[in-house]
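Have a look at this one.
As written, the chain order gives the labels A, B and C, with residue 1 at the start of each chain.
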Amino acid sequence: MSPLPVAFLTDYGPGSEHVGALHAVVAARCPGAERIDLAHDLEPGDVRWGALLLARLAALLPASAVCAVVDPGVGTERRGLAVALGGGRFVVGPDNGLLGPACAALGADDAVELTSADHRREPVAPTFHGRDVFAPAAAHLAGDGALADLGPAVEPTSVVAPQLTPARVEPGRLDALAVGRDRFGNLSLLAGPSDLEAAGMRPGDRIWVLVGERRQRAAVGRVFADVPRGGLLVYVDSHDLLAVAVNGGSAAERLRVAPGEAMALATIASPL
Amino acid sequence: MSPLPVAFLTDYGPGSEHVGALHAVVAARCPGAERIDLAHDLEPGDVRWGALLLARLAALLPASAVCAVVDPGVGTERRGLAVALGGGRFVVGPDNGLLGPACAALGADDAVELTSADHRREPVAPTFHGRDVFAPAAAHLAGDGALADLGPAVEPTSVVAPQLTPARVEPGRLDALAVGRDRFGNLSLLAGPSDLEAAGMRPGDRIWVLVGERRQRAAVGRVFADVPRGGLLVYVDSHDLLAVAVNGGSAAERLRVAPGEAMALATIASPL
Amino acid sequence: MSPLPVAFLTDYGPGSEHVGALHAVVAARCPGAERIDLAHDLEPGDVRWGALLLARLAALLPASAVCAVVDPGVGTERRGLAVALGGGRFVVGPDNGLLGPACAALGADDAVELTSADHRREPVAPTFHGRDVFAPAAAHLAGDGALADLGPAVEPTSVVAPQLTPARVEPGRLDALAVGRDRFGNLSLLAGPSDLEAAGMRPGDRIWVLVGERRQRAAVGRVFADVPRGGLLVYVDSHDLLAVAVNGGSAAERLRVAPGEAMALATIASPL
């Protein structure tokens, strides 16, 4: 039986030696497994955006073992977990919120705490559980190893969920957190299409995008070309999140907003 | 029969979630296919440089299916295409100029427009045809699926070519566009070795590099060490393009030139 | 017999076309070989850090062929080598110091100079031996080709070692070079745990970190959380090197230190 693919999602940085170490460990422990890089350019320590992306990217994968590591508390008391998700997928990583949305989206059938010394690289480096704990666990699962070999069962419902502040919506206004920024400077908000609808905003509407005291005109649309080059677009992105983009430019730069900061959308007719 | 390798060339950013999504989709739809990252660090929307690199990198590949996406007009009327190239290679991507040089270099035997709903992820995200249209089409071809399954045939000669302004050459002077910049700050020009020869410049010559009102001394050479550390070198690069480099430094920074800007080379003896 | 995995370590930049070219060449010449990216984000030309990482990452690999290219002197008289290391591993690359620590750590059984025109892409680009010399050599070895096919034997002890200035240690003080910086801004020093011990510094100690005239308070610890958020930590990193980190931040930015610069650690009680 051929091994499951092993996928990786980290904040280690694209092309970094830390990513290379994960791949080398998996290649050594589970020869022949396909290895898939899901994302490595997360902002250091951005557990929340990592968690949201993990849920979306894991859903695209076939049966596989995902090694997910955004782990600012590495070496502290936070648990390391392996979870059997729906669709024959597994995910291993720190229990700091990173795994919550994937469990919610795909279902968490079983979970164990990674305590067994049999499936680690020893001695475990206190600052690199990715290489010494999580990658070996993912390789074990990809090679058809049993989940139970990795440690004692824990309640799947005990997996930590990240803090996801819901959008505040009223007719003509929507307040939400910027939660992710991609390579193009497109900003994803912690809000979905139903929030936009509840605020009474529709494709074609002209609206304000508000950041602190500043406001800029935008249009609600579907594709970047719905606004002129340089124009500001509010749309539902490929993650099914509300997002702000500049056609041919960077919304993050234009708005001077970083993930974690608050933004609002407002109907132009509405009082500010 | 084992599947063809699937290769990727995008402006999605190294290690980005968008690249991860392409890989996940191909891994799910064409298990066992080798996946090859050709380039992901293209400047956002730089179709021309993407097109030139695609032609060069595709020529290095074995029979394979290339998923090429530099697509600032995603979701507009530009066509999505799949083209059978020479050597058992296929390429899929937007028909915005990106595919032209690869077709010219490798030969375009057959082409179809990607209209079939059978080989897409539905619903197609208006801003992410890479994930929902192009990657599934590449996976289909890699798994020995027929080109004709993907949509109606189009004339291979109708594939759009990018605008490639030829260099202007006279004895002692060569004007050309900077067209690409690599990680080291080396600048590739839209000019080749025959242009250098036509301008009467030879390895060992001292020349000017001119950018707007500024000029700097350079030498024509073959390798970086042909000039002292910090010196400016004009050479034929590994893409067979004229290029400018700084030995141990960045020509793009030194000259303050970005792709798309005009430069000139001039024999030092010549009048300016 | 299935081919060996081929691994890559370069300063070409993550997601760059140069990395893509290496992968394409290996995929074409050694179909079915697993390909592993060890690191591509090295500072351009940083042979020393590349050499130290190569030794550590190669040790994690199974039997494989590593294509290692940090090669500022490409096209000059420096040799190109292929070396048989311990554990069924091979490494190919420029003989400029990059290969030395891997040979020392894993053992160098045999070595050849890469002179055979039979296992190159011809004509060899003077500035891209990675694509035209080293990747084809790695593909040859991965496909069970003989080392001796690649060129004449050279003495394994003749492989160049990089300059690695040892730390200067006295009780209460340790002077060392910053030698690497990762994505998080963690700085690795050219010093190990025994140096820390020789300087009489122990986990829990409060110490100074000195850079030129500036000094900052730090604590010796094991994990980032041993200091408060924003605090400065001195620890043994996952490469078994002394390192400096900021919990939740970047030590390189805080200390304004780049690899190659001198730093010191001093017991707070000690006279400065």
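The definition used in the following text is that a contact is a pair of C-beta atoms (placed from the backbone, for glycine too) under 8 Å apart; a residue touches a chain by one contact, two chains touch by 3 or more.
Just so it is clear, the model here is predicted, and its values are computed rather than measured.
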Rotation angle superposing chain B onto its copy chain C by C-alpha atoms, nearest 5 degrees: 120
Same or different residue numbers at the chain A/chain B copy interface, by half rule: different
Centroid distance [mean C-alpha coordinates] between chain B and chain A, Å: 30
Multi-partner residues of chain A (at least 2 other chains): 13-15, 19
In the complex with chain A, residue positions of chain B that touch it: 11-21, 23-25, 27-28, 31-32, 35, 44-45, 72-76, 125-128, 131-132
Chain C residues touching chain A - in the complex, by the definition given at the top: 2, 5, 7, 9, 13-15, 19, 34, 36-41, 53, 56-57, 60-62, 64, 182-184, 222-225, 235, 237-238, 245, 248
